[in-house]
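Next come two complexes, and both contain subunit A; in the first it sits with subunit B, in the second with subunit C.
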Partner chain A sequence: MSAALAYYPGCSQTASAREYDLSTRACCQTLGVELNDVPDWTCCGSTPAHATDHALAAALAARNLAQAMDTGASNLATPCPSCLLALRTAQSRCENEGFKGRVEVLLGRPATLSIRTRSILQVLMEDLGLEALAEKAVRPLKGLRVASYYGCLMTRPVGLMAFEDPDNPTAMDRLFLALGAEAAPFALKTECCGAALGVPRKEAVLELSGRILAAAEESGANVLAVACPLCQMNLDLRREQIEGYTGQRSTLPVLYFTQLLGLALGLPEEALGLGLHNVGTRPVLDILRRTWASEDVG
Partner chain B sequence: MPVMELSASQDRAFFEAVCAKSGQDLLRCYQCGNCTAGCPMQPYYDLAAHQVMRLVQTGQRKAALTCSSLWLCAGCGQCSARCPNQLDVALILETLRHMARRAGYNPQPRVAQFSRAFLKSVHSHGRVFELGLLLRYKLASGRLLDDADLAPRLLKVGKLHLTPTSTPGQAEVAAIFRRYEQGAGS
Partner chain C sequence: MRIGVFVCHCGTNIAGTVDCAAVAAAAQQFPEVVLAVDTPYACSEPGQRAIIEAIEQKGLNGVVVASCTPRMHEATFRRTVERAGLNRYMFEMANIREHVSWVGRDKKLNTFKATDLVRIAVEKLRYNRPLTAKSFAVNKRVLVIGAGVAGIQAALDCADGGLETIVVERTSTVGGKMAKLDKTFPTVDCSVCVLGPKMVDLAQHRKIKLYAMSEIADLSGYVGNFEVSIRRKATYVDWNKCTGCGLCADKCPSRKAPDHFNELVGRTTAISIPFPQAIPKKASIDASSCLHFLKDRCGVCAKVCPVEAIDFEQQDEVVKESVGAVVVATGFDLLDIRRFGQYGGGRFPDVVTSLQYERMLSASGPTGGHLKCPSDGREPKSVVFISCVGSRDRSMDRAICSGFCCMYTAKQAILTKSHVPDCETHVFYMDIRAPGKGYDEFIRRAQEEYRTNYVRGRVSSVYPKNGRLAVRGADTLLGTQTEVMADLVVLAVGAGAAEGSRDLAEKLRISYDAYGFFMESHPKLKPVETNTAGVFLAGACQGPKDIPASVAMGSAAAGKVMALFSKERLESDPQVAQVNAVRCVGCLKCLRTCPFGAIQEVQARDGSTKAQVIESVCQGCGVCTVTCTDRAIELQHFTDNQLLAEVNYLCRSWMEKSPA
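Moving on, here comes the complex of A and B:
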């Protein structure tokens, strides 16, 4: 397909969200989307840099954009919405020449940031499209009822992210429908999970994430799909903490949308990091294996 | 809800500084409360988002800058998306947080400690080293047992890296921090 993409993995994807990176790379390879890692990329600064100083945050993000642009790339993609927000915020603030000057002083080089930045979800939806994705799906996701959880930052801030309806995005729902799954009617699509406050203010995160989990269970979903490593960590890794806090047991698996897409593309579970979850993903695989056995695929 | 006397003294310079730094015209806020209605962190706030807006409008510098809500905001952007007057409420709160930090107010030390530990990790390694970040935060906050249950779970699935990966870009990142700490770019 189209020209190669500069790929910015983001820190989480090298550790606690390793399976997001693995499954993103595996899907893109199968789909013929060439990803070239931003050479020698570093942290985007994320929320803590932003909460500290805008010029510092922009300089940390801008370094990566400059590294990507040095390769001649004109398109960049990252799986992580929080990284994308940091990169886009830097781009948008640097439109102000005074601010850009401050960033360049910190950066020690010109801040040329005109590269187009998007999320992996956005790239797959826009550059390939549902039809092409469905065509490459060799194994239907039939039997799965997916609650798609977008989190805060896929769609907000509205002007900056410019992606779908801020309260009711449908990209993942449409993707899973196209791949043969059902889309569960899930009301808390863009409610906040508590984000990075999980460490300093755990009770807030357990309350908010607990609510999201309960709503997903109520929607009758048998899998919760996410696109953000922080959402995944709060909903999967903190599951026992949530259960302890709310008193409600839940075995609902939380998968990255790229893991579900990868299963439909026929990729093996190891290539998608399905063993790297705290809450077991086996129920999802069991449902799909039954489907595939009866339809003689897989 | 706390009752505050808003007319006793008003710091106009503070009001203007917040407007200028955030690029938002706070006079546009008519106190409808939409921002607060959509805020997931509201139950944990000492002052609701719309109350903070009112404090800024009326030039209540100290009350606005010492408020805990600034530090508990998750940055989800719901308030900004819902404001009928297109005020970027989340950005205003963030601006106030920057001002509060410079003024030495720190009502939620754990949040600030986490932020510092995070940036320290980026400074030292170029990327976030999750285990180092958590240990540094634990030592700074004294919350040694927080999330201790997560480590074995991460270890079980091979996600807890015991040593940081070093990246050649670290030197450039450290230079950004050094210039920032020396007051460049401000």
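Moving on, here comes the complex of A and C:
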């Protein structure tokens, strides 16, 4: 399989998105992708850092990249698109010598950030590819109609992320098709969920995430797949708040794409953290169990 | 030699950062210079008079003017020295404005560089020889490429002026984009009704020869004597026999051919005539949809044709024509709608281009002029127009304004109301650009009389919602987000260069800009000329243009052709290559490298092979000169001796007196 990857989990994956981390590790292990945690990794800086000081934000991200490069890794992957954006922004800004100098003062070491950084989704699509993934899938996802929600950052800013069509990405849709599921014609693939506005202006998140849920329901999906921990939190953990705001009830489960992939790879539900959701994931499992029973797999 | 040097101040343009008096004083010391003065404006009437008087009084036989770029005034000063009795090639120009005063601030260094440039010119002039132009006959036939409204106008004006005119049109009918429009702004009159008579005139004019379904394969030669190869594409119908009765199209069983005339709205038959007013009204077969070509069966058209015009064996054919001038009027194409994913372009059937919408509005269009959503055929009750799609958008590397979209969007909003009176119309716009005669009044009519909701702001996304399309965007006048429900979304897609225009430019040896539009010779003063003599531009191939501007430019190009043809003979430029037969060993490397085919092989009297330049074909590029290992071929006015004189001086001067 592919060479070892430096793995940068990101803070969310140790707390609110533990199931994203669990399922990512489980899938990669099954697929033979070796993940080596970045030693002594720290926060990427996230929104508070870049909203305060660009050099400080870059230094926080650069520290992690440097730690990874110290291990000799030339490839790094993170499940979180927001972390990836922070890492790539630091890489891009440090191409300016003046900026790099400011970062190096904060960092206390050279900020040469030549390591290749990608999302887990990008790594799976590029290094393994759909065919290899489908080959490893022992249980089809037949019966699922998946709305794939990529969020703002997976494909944008275009120049920095350089992944798929910025307005109509299809990586997850193609993945689920390859795994035997249906891809729902979901309209708001790259709309914003409200992101961190949940803290200062909760109504904005409830409005925006409400739209996304409504569009997913309209597309006839029976599961919403995501690739971002903050998107998942807004759509899953804030479900009751959204329902209170919009007056529309929705039981649509919100799963990380790695959880669905894990199910197809034959991994047990506990290993994928399917019990860690606010909105129950049972309907998804029920559909799949019926499929598997009829096809005599799993 | 007796050389005079005139150092121009150009007001403060040069004198501001160059000590012109010091340059003149230095020039006085240059070899063979008998007079060196500075002058406020060399190109002015008194400036030129001073040059003429100096030639006469001081007996000058060579003149150097140090001023602006030769592109500006070389011709002026050549005429000046000619008026004083000198040969026009006994003149050199030193560019101390664009190359010195406009680009450097340091007066000392500028003066130093200007002095060097003057010296170089003097050194070259010492080796100049009088050259004389030859004259040649002009072939007074004109080629018009493209038969949209600009090309039609140019062709009719030329033909009415008595010139034999060849018109080459790529598609099977003349009319271009204008023939596809339903109505025109700001008069809202029927487009094809206005254009139709001109199309008929074109077809019937006894001075015009029309090649439809044809393309330019190659163009060689030079102003006054071009040779053009025209590829007549196979239509599989003998147009000499075809009467345009349309029986073949009625009976054709292959009814899913892409309908290019209708901008792919709806389908057509594999054998078809694009529209009722098509000229020539002849059928042609789309081989990619025809059952005969795909599956080797059918042949219904051949059976029903009353005049036996169907010819499945027909091949492309190349014909040659000789002309003296070319008018390029190849128009534009809309950008590919699939590039606009954020608006659902290419993804949602109810998101259409403005030109598709035009066909949907047209009574002769695929819906018979009834507005219908392409997805399910329902009548739209809300139409959203998005302007500046791919125009003024630097994120797509398209900073240009397409110019006519504001106007046709207003027209389409008005027409929508006349088709479906209870239909809402919304226009998302950045600015309204309506500077033509009666144009702004027209926009106000769309807003006030026809109640079109103009929203100033960009659209962020179009997405399906409850079986319709939601159009989300900003309303920058209210400072809010807004969402409008639409049944149909019309994108005012930006105008790009016509497909294949870069290839055509290479064939014609004309330049094009970053967007592929052909370059005029001067943006203000030579708008229809190109940098290739005898090739003129008309219409939107030079940049997006509305109908009145295209027609005006068509007439302007025709006027230029007629002015060119008003002379019986033209003078050739003597700055061409010349072979020194004594030195030539007949290797013919020059013949193989010449990009213009201007060199031919000849036999000398002793039977040996020599190269010979065809002076009227040579463009003076100099490629042969550097190819020749024996210094046998040289470019007149840029001989080795002349160039070496410049280089020799320059290298010596830098070694001896560099100011650093």
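Remarks
The rule is simple: the second predicted complex is superposed on the first by the 298 of 298 C-alpha atoms of A that agree within 3 Å, B and C clash if a C-alpha of one lies under 4 Å from a C-alpha of the other, contacts with A are read in each partner's own complex, and residues count from 1 in each chain.
Note that in this section a residue touches a chain if its C-beta (ideal position, glycine included) is under 8 Å from a C-beta of that chain, and two chains touch if they have at least 3 such contacts.
Quick caveat, the model's predicted, so the values are computed rather than measured.
Once the two structures are superposed, subunit B and subunit C can be ranked by residues of subunit A touched, with B on top. Looking at the shared chain after the overlay, A:P185 reaches subunit C, while subunit B stays out of its contact range. In the superposition on chain A, contact is made by A:G194 with subunit B only, not with subunit C. By the touch criterion stated above, A:T170 is placed in contact with neither subunit B nor subunit C. By the touch criterion defined above, A:L106 lies against subunit B but remains apart from subunit C after alignment on the C-alpha atoms of chain A.
With both structures placed on the common chain, the touch criterion links A:E218 to subunit C but leaves subunit B unconnected. Overlap of the subunit B and subunit C interfaces on subunit A: residues 166-167, 191.
Across the complex, subunit C is touched by residues 165-168, 185, 187-188, 191, 215, 218 of subunit A. Listed in rising order, the residues of subunit B touching subunit A in the complex are 40-41, 43-44, 72, 74-78, 80-81, 88, 90, 94, 97-98, 101, 108, 110-111, 113-116, 118-119, 122, 126-128, 130, 134, 137, 141, 146-147, 149-150, 153-154, 157-161, 165, 167-170, 172-173, 175-177, 179-180, 184-186. Residue ranges on subunit C touching subunit A, taken from their complex, read 341-342, 347, 461, 463-466, 470. If you check the complex, the residues on subunit A that touch subunit B are 11-12, 14-16, 18, 40-43, 45-56, 59-60, 63, 67, 102-103, 105-108, 152-153, 156-158, 166-167, 190-192, 194-202, 204, 207-208, 237-238, 240-241, 275-278.
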